[in-house]
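Written out below as structure tokens is the structure these notes cover.
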Amino acid sequence: MLHKNSMMSGRIISNREIAKDHFLMSLKVSSAESSFQEASPGQFVMLRVKGRKFPFLGRPLSIYSIYPDDGGFIVELLYRVVGEGTYVISRLKPDEEMYIMGPLGRGFDISPDHSCVILIAGGIGIAPLSFLCEHYRRCAAGRPQKIICYAGVQRSNLLVGLERMEEICSGVRISTDDGSRGYHGLVTELFKNDLSSYGHRDSIIYACGPSAMLKGLAGILKDQSVSCQVSVEERMACGVGACLGCAVRVKSGYKRVCRDGPVFDIHEIVWD
Amino acid sequence: MLHKNSMMSGRIISNREIAKDHFLMSLKVSSAESSFQEASPGQFVMLRVKGRKFPFLGRPLSIYSIYPDDGGFIVELLYRVVGEGTYVISRLKPDEEMYIMGPLGRGFDISPDHSCVILIAGGIGIAPLSFLCEHYRRCAAGRPQKIICYAGVQRSNLLVGLERMEEICSGVRISTDDGSRGYHGLVTELFKNDLSSYGHRDSIIYACGPSAMLKGLAGILKDQSVSCQVSVEERMACGVGACLGCAVRVKSGYKRVCRDGPVFDIHEIVWD
Amino acid sequence: MKNPRNPKLQVDIGGLALKNPVMTASGTFGYGEEYSRYIDLNRLGAIIVKGVSLERREGNPPQRIMETPCGMLNSIGLENVGVRSFIDDKIPFLKKFNVPVIVNIFGETAPEYRKVAEILSDVEGVHGLEVNISCPNVEKGGVAFGADPDMAYEITRDVKSVTDLPVIVKLTPNITDIAEIAESVESGGADAISLINTLKGMSVDIEKRVPHLKNITGGLSGPAVKPVALRMVWEVVNRVSVPVIGVGGIMDAADAVEFLIVGARAVQVGTANFVNPRATMDILEGIEDYLIDHDISDINELIGMLKKG
Amino acid sequence: MKNPRNPKLQVDIGGLALKNPVMTASGTFGYGEEYSRYIDLNRLGAIIVKGVSLERREGNPPQRIMETPCGMLNSIGLENVGVRSFIDDKIPFLKKFNVPVIVNIFGETAPEYRKVAEILSDVEGVHGLEVNISCPNVEKGGVAFGADPDMAYEITRDVKSVTDLPVIVKLTPNITDIAEIAESVESGGADAISLINTLKGMSVDIEKRVPHLKNITGGLSGPAVKPVALRMVWEVVNRVSVPVIGVGGIMDAADAVEFLIVGARAVQVGTANFVNPRATMDILEGIEDYLIDHDISDINELIGMLKKG
């Protein structure tokens, strides 16, 4: 069946800098029949600016938030300026028209079997995990007993997207590289210190962050039986599985981050 | 001597559609020491949008108007949307930053020797001629006895830039292709009908318009002794005479529109 | 009688009648399925699928793609499931549509090309072959064959000898004289020629001082290469009589029309799919509008109508 | 002692010591005068002037240029005043500056190249020659020589035999194997190699159905071609030992640094001048900033430092 609306126009409602180089963009997507109805945490969109020739390719951004609004949807994206593309996007003003393709990819596998959910976010990796949290709030029925969030950033003033976490989670543990708030060190170390206190059978970990962090986490969990799903990043061209550009090495060869992921079992990926 | 300021930033003050596909842009250039101090009628600027990768090359636009303003200058450009570049420019909003290089080229040679000045404008060719008119108003001393303007457009609702003409000229004659106002036919025919009434020694013609019009004019003036300067157009890359891209055929070979022109003696050009 | 309101779009590519000249370029449209939720595959002139080789290929290690000015580099390295899995897993889906399927084939050796062609020739649901002698991202085969007129001739002849399917040969632009290779594959029996594959390029991360692509170099595609593609199509149509299919940087209908005017009988849309999943449909509709606006009742009246100025 | 605040920028190009590696590309900077009101010419590493031939050349009829995605096509056709007028009318202005002047030379025949080189060798104010065997916009000479290793070798040797000036040979990208030609001109005695000249391209006016350029095809330059230029520089530095000068799509300091990392000893800035007349200065200052930020005290420590990932 044909979803003409999988490639949609969105209008920028707001696009604010909420911390140094970190922006929150709200987009209004007008059609109610759009594919956004079924968006799930961990999924992403490909974003481009209408009528501009640069950036040429869309930029993948995780869905940070989504809710119905006046016969359409508001999609929120939380992003960090790291290069030219995100810089151009950060300069856009309200009312600018965007192309937004999505939701794309396989999001987090949310099983109701785990009573304890552990979220581990590195930097801007908070975006999809915050949406996951929101998801738990909405379907109150299936809400796990305990949700613990670990969030690591370089400096305390780069902590973004924690509001919802703080409302929803049983605990939010912070780490900073420079010690300016919370644990002084890597978020993976902070988590590692607590690891033994979690029941491996009842717990599930969802993580997103720089690949060095995820690799570190894979090391920590190597001989552990706890489930862990990670959202990984790779450069993308198509976002739909057609170009094979976003390859990630898994035990069986390569998989496509955009289509087979971006969420994978941490033990499936070959971290090199 | 080095004019750092020949490549300047301008901020859009306004950019309005004044007739179908015809826009008037006002730009504020901040530096008072800029080269715009010496701008003369017939000169042009190369315009680009800051921070956008398209249009890639600057677009040449004649100076329509220029005046000092609060320690800088206001530069006005009158332009018609004919392709992608002018379309993008037409969509720009106030406060957008532009690169503006100029004034460039050799403008009209304004000799005080002629008591009768005849301006012939085809379409958007009105832009530099209107600035020339303004020039006569400002230096009241050297103002010729008689200034007659011929302006030809397709339809009456495409007549733009005539206000100043009407204030300054002794007469403004209009032609339209569809007869919706004034003479029904080409502006060159309208002018031709009057030609014998002008003293060839006392008169000078300044013309700007599509090349078919200028070619027609060249035919009309072939065996006449009246002086005629025309502003011609050609695709440009550098605008400063370096690339040899804007060649126009003259009797001695090729000349550069951007540097040797855009204003030439009508009899120097080989119209083919 | 002329009916400009409903122009004829059919074109013939080496015996394959296409309902319109808009195809998808190999490697940019997966196996069709990936875009089937964005467009109606039945409306395409043809689908050219990702390059298929005899055995499964893993492809190159990531990073495999990089954006460049008005274009992109890729070094996928012809990752594919291999011809058997392709037939088992991908063809059944494609067969559900009423659209010619052209399989882009690749081998590291001449016999491998022949073998893949042979296997595919008996498969229901395969309507043509596109022989890729132009991939810049593999160590063996690919561009090495496409740059040598004799090799290009031989592979074409070999493939033709084992199949009755229409055979399109796809040329590389990384070459001194494209028309020379085109003539070779024509005399080898090619039913049509497509060009261009990607231009070999490179890009460097100046912070890490490493190439962006793990494979060091990659293939450049997208609007940046369009002028080169158009020029090569022009050179080739002037030298061969088989139909030529234009590929390279076609983003919209105006681009496609340029290729048709220059003499391409059909076009392939590649990188544009990534930027706009409905690109092929927008291009198709735009071509139709162009014909209507210009009172052309049959697209074949437009093809090759370049005046020399 | 390291002084990263004030990095050394000097590079040596075949015996010519340049105060920094930023030159202007031939044909994009006129004879220097055109840009002298925008930048201080004394700050350039070198000025390479528009191509000069034995006799005055009129060039091609207009339209000569066309914008393309992230680039432009030109078919100037080597319009120039001829070597005698160049010496009389252009050199005196250039001599006022403290900047090496490299003259780009062109001939329709091998003897013509030699003759132009000979004449220029005795002229005060000429510091080097760049032999253009790569212009795609002329009927005779140009790319025809640059695509043939033997011709490229001969012209290089001929020019070298009549001059003591450093000789740079400029290569065309419209070729299958750029490293092969590079080796030929190196063995012909070239003191340095510059690449790339423009890629041959085309563009069509779909309303009039004529090529935009009167000459039908033209040379593609600008950011669109940068990945191709960078890849070719990479291929050439791996095969020759003479200095290589990188040209093609360099718009800013980051682009220039990519070429230096890959192994170019210097860079030429072409089309960027049109878009920003101060491009060379912005690039020079940006390279300096890069060196400072990365604690590199001598630019030669950066050149060729590409790691293979």
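By letter and in written order, the chains are A, B, C and D; residue numbering begins at 1 in each of them.
Heads up, the rule we're going with is that contacts are C-beta pairs under 8 Å (C-beta built on N, C-alpha and C of every residue); 3 or more make two chains touch, one makes a residue touch a chain.
In this text, all values refer to a predicted model and were calculated from it rather than measured experimentally.
Comparing mean CA positions across the assembly, the chain most remote from chain D is A. Chain B and chain D have CA centres that are 36 Å apart.
If you average the Cα atoms of chain A and of chain D, the two centres end up 47 Å apart. Counting partner chains per residue, chain B shows two or more touched chains at residues 53-54. With touch defined as above, residues shared between interfaces to two or more other chains in chain C number as follows: 69-71, 222-223.
In terms of which chains touch, the assembly is arranged as a closed ring, every chain touching its two neighbours and no others. Contact annotation for chain pairs lists A-B, A-C, B-D, C-D, with touch applied as defined. Across the complex, chain B is touched by residues 27-30, 34-40, 50, 58-59, 61-67, 69-72, 74, 76, 79, 222-223, 271, 273-278 of chain D. For chain A in complex with chain B, the residues that touch the partner chain are 51-54, 88, 91.
Chain B contributes residues 1-4, 6-7, 48, 53-58, 85, 99, 101, 234-249, 253-254, 259 to its touches with chain D in the complex. Those residues of chain D lying in contact with chain C across their complex are 68-71, 73, 147, 174-177, 199-204, 206, 208-211, 214, 216-217, 220, 222-228, 230-231, 234, 249, 254, 257-258, 261-262, 290, 305-309.
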